[in-house]
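The same chain A turns up in both complexes below, where it pairs with chain B and then with chain C.
Our next item is the complex of A and B:
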């Protein structure tokens, strides 16, 4: 465990230093959050149909999404991408550690440190002034905490898989945009998943992306009862395990057909 | 038993070919044409513990490919390799644990971290016990004069400073074998000397086996008593620097900057290789005519602004070696 823990902690400490980016990100996410809250408020005012989620719940859902935006696997580790492009990855391969878990550890740091920097002030601000609710029970809070931890693992696994895909595409912006789009839509970040039509629900439930947004968010506000948490967290972890396996397989294949360019 | 054994190593790469023009690009989308490039074509050698071996050859000769196979990064098409009794690509982790690698054009330090934090991260990745780490680090910091650099982020280091830090990074875990891929590339004279002195010292005192690829003839003359020369994937010479010179050529170059652009330089013992304005390249054999005598004759006959003597570049020596063996 020692190499991976060391990598995680070094990256985490490093990423905590980017304060200017955190402040800028906080401002942007605040702005977008306000717009989205206004849009949903307008929708709720104009509808007469029964709603699957109350306006207060939707507002809380939106602010959770804004606060934890950087937890989502919407980009990759630029340093690894560059290492693959330039061939510096050769150095990663001469280290006596499992490359996948080293990169996964980096992924965990990359998903948590910047998210933490933005989430704490956003959470305080949204609860104090912007209509975000708190978990109704201790059970809901605990369910959220466990589920969000699983989200970090799931998100790091997807991030790692994204960067491994670069072995095939060299400049793989296309894949990242595609995945980022899917993540935003299917995790509930654009429209909360309960507001999707009924026919879409089985699809949304089957996809892994629900586990990086919708599941912890709804556990937080008790929209899904805490009793459901074990099953949902198990689902998150099962997806994590599946994506880790795919990532390891892909990395193994990549290593075998590797051409380290230049030098 | 030798530390490194390489037998009949073959490695080919498949390279996608791009056809010229817009139609070619379109056709490439539908169907790729591939070309096979043979990087290593049956290379064999063995290296004993404590040797310092220069591995040389022109660009694309297969040097880096060999180093990458020896460190388990690449898998060869065929052949047998044993490094410290193991096949590197089958036991990558166990092999690289006792290996240090420096690729001159890259760095293994983390760009944004201070040097000392990169060292600590490597300590943890290699699982170096705390006491060993402290001893190795202090020794390396002292020998490579790194004390002032430890708290600097890597991106702020000059190339020479970075190379010294990279050398330390490759040795923190006390490896048995050190691979160096062009470690002096781009360095100024003072740093080159420092790197060479350091390599000689760790080879002699710590008994680290070193394999060094380089294009710098001075590196080779200063460092290695044994040379492996490779060209187009084949091993052409396994011997000393003297062997190489004796086998290929004893030739030297005399480069003369003339005062007058149109001056014709003719000498019975020297051959004109190239001319560029007032600069003239002459080829001569010091066995036929001593350098001093040739210089005296040339300066007596022509108005000379500057001149110097040099060895033919390593690429040329190797290219000629290749021609000589007639493959």
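Our next item is the complex of A and C:
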């Protein structure tokens, strides 16, 4: 376990250094969130029909999405990608530790450190000035905390799978974009999932992407009661396990057929 | 060789190099279509849940979306060099451009033409054509001209934003990511009718960054939906010219920046 923990903490501390980028990103997302909130407000104003989620809940959902955006698996680890392209990945292969878990640990650091830098100020700002609500009960807050921890694992597993896919595609920017598109749409980042048509709900509920945003967000605001949390977190973890297995299998296959050009 | 022919030559070279990796190119275009496509899916989802947005129907918002995205895709394709310009300053590559006997704006603008932007262009065009058909208005020649004018004005406006961003990096040598809120955030904003936003926000996107002049006001004129003040139909017909003026102004700013350029020395 030691090497993985060391990798996690080293990467975590490194990633905390990028403060200027964090400030720029913060401004961008603040603006983005404001646009989304104004759009949703206008939609809510123009209907009298019952909507499965109140405007206040939607606003909270939007700001949670902005605060935790960097937690989502929308890109891969640039350094590993570079190593695979240049062949330096050979050095990774000789490390005396399990490669999958090393990369997974990097993935966890990559998802948590920048997200933390972004989430704390965004959360404070949104709760104080921008209409974001707090969890209604301690139970909801606890359910959110447990679920978001599962989200980190799920997100890191998808990130690791993305980078492993590079063994096959080399310049696979296209794949990242496809996955990022699915993540954004099906996690509720573009439109909160409860606002999707009713016929789409069973599909959305079955997909893994829901566990990256929608599940923790709705537990936070009590839109899903905390009593449902064990089942939903179990679903998040089951998807994580499945994606880890696929990732390990793919990495094994890749290593067997990998030819590193000398030089 | 005239400026335009030189520009086309640059674009040709860039296109040929990107077509060397055909599979990767196809994936990139597909990825680009998906990334942008989720936006229109989001809009459709919202309309299926809420039915309407004030007096606006889905077809009308899709029409706005089409204009803005086609304009932005053209600007992204043509002005990407400005978007990446901070790197050119940092590495000192700009010194070489200054030595060549051609305008700097032309060289920078043409230096990186990204074919994958075809994805957004195609996808925007499909939505635009569908919406234009579904709107149920008569497509007279003047109306078609106004659509083309709005797209051209919009492309100029977005290129102007890229130029302004690049000009700032003469002083900062870093990309000010914050300006992305005007380009990418601007596209997002202009996909919806301006009337849904708050007052300060509307004024900002009308008078400071005149995005409304290339999408919202021309659309009002085309849809025959006259509003108060700047919503007047005559204004919709001339408004896209403001996008062109914006580009002219930012190019002047660019020349000012070039005069004050100091090489990073590396």
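Keep in mind that, in the parts below, the second predicted complex is superposed on the first by the 262 of 263 C-alpha atoms of A that agree within 3 Å, B and C clash if a C-alpha of one lies under 4 Å from a C-alpha of the other, contacts with A are read in each partner's own complex, and residues count from 1 in each chain.
We adopt the following convention: contacts are C-beta pairs under 8 Å (C-beta built on N, C-alpha and C of every residue); 3 or more make two chains touch, one makes a residue touch a chain.
Treat the numbers as computed from the prediction; the structure is a model and nothing was measured.
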item: Touched partner set for A:25, first chain B, second chain C, both or neither; value: second
item: Touch count on chain A, higher of chain B and chain C; value: C
item: Chain B versus chain C as contact partner of A:5, first or second or both or neither; value: first
item: First (chain B), second (chain C), both or neither touched by A:90; value: first
item: Chain B versus chain C as contact partner of A:173, first or second or both or neither; value: second
item: Partner chain in contact with A:35 - chain B first, chain C second, else both or neither; value: second
item: First, second, both or neither for A:121, with chain B first and chain C second; value: neither
item: First (chain B), second (chain C), both or neither touched by A:44; value: second
item: In the complex, chain A residues that touch chain B; value: 2-3, 5-7, 10, 14, 79, 86-88, 90-91, 93-98, 102, 256, 258-260, 262-263
item: Of all residues in chain B, those that touch chain A in their complex; value: 13, 64, 68, 71-75, 92-94, 96-97, 99, 101, 103-108, 110-113, 117, 120-121, 124-127, 181-182
item: Contact footprint of chain C on chain A as seen in their complex; value: 20-21, 24-25, 27-28, 31-32, 34-35, 38-39, 42-47, 49, 51, 169, 171-178, 180-182, 184-185, 190-191, 195-197
item: Chain C - residues contacting chain A, complex; value: 21, 24, 26-28, 30-32, 34-35, 37-39, 41-42, 45-46, 48-54, 174, 176-178, 180-181, 185, 188-189, 192, 196-198, 201
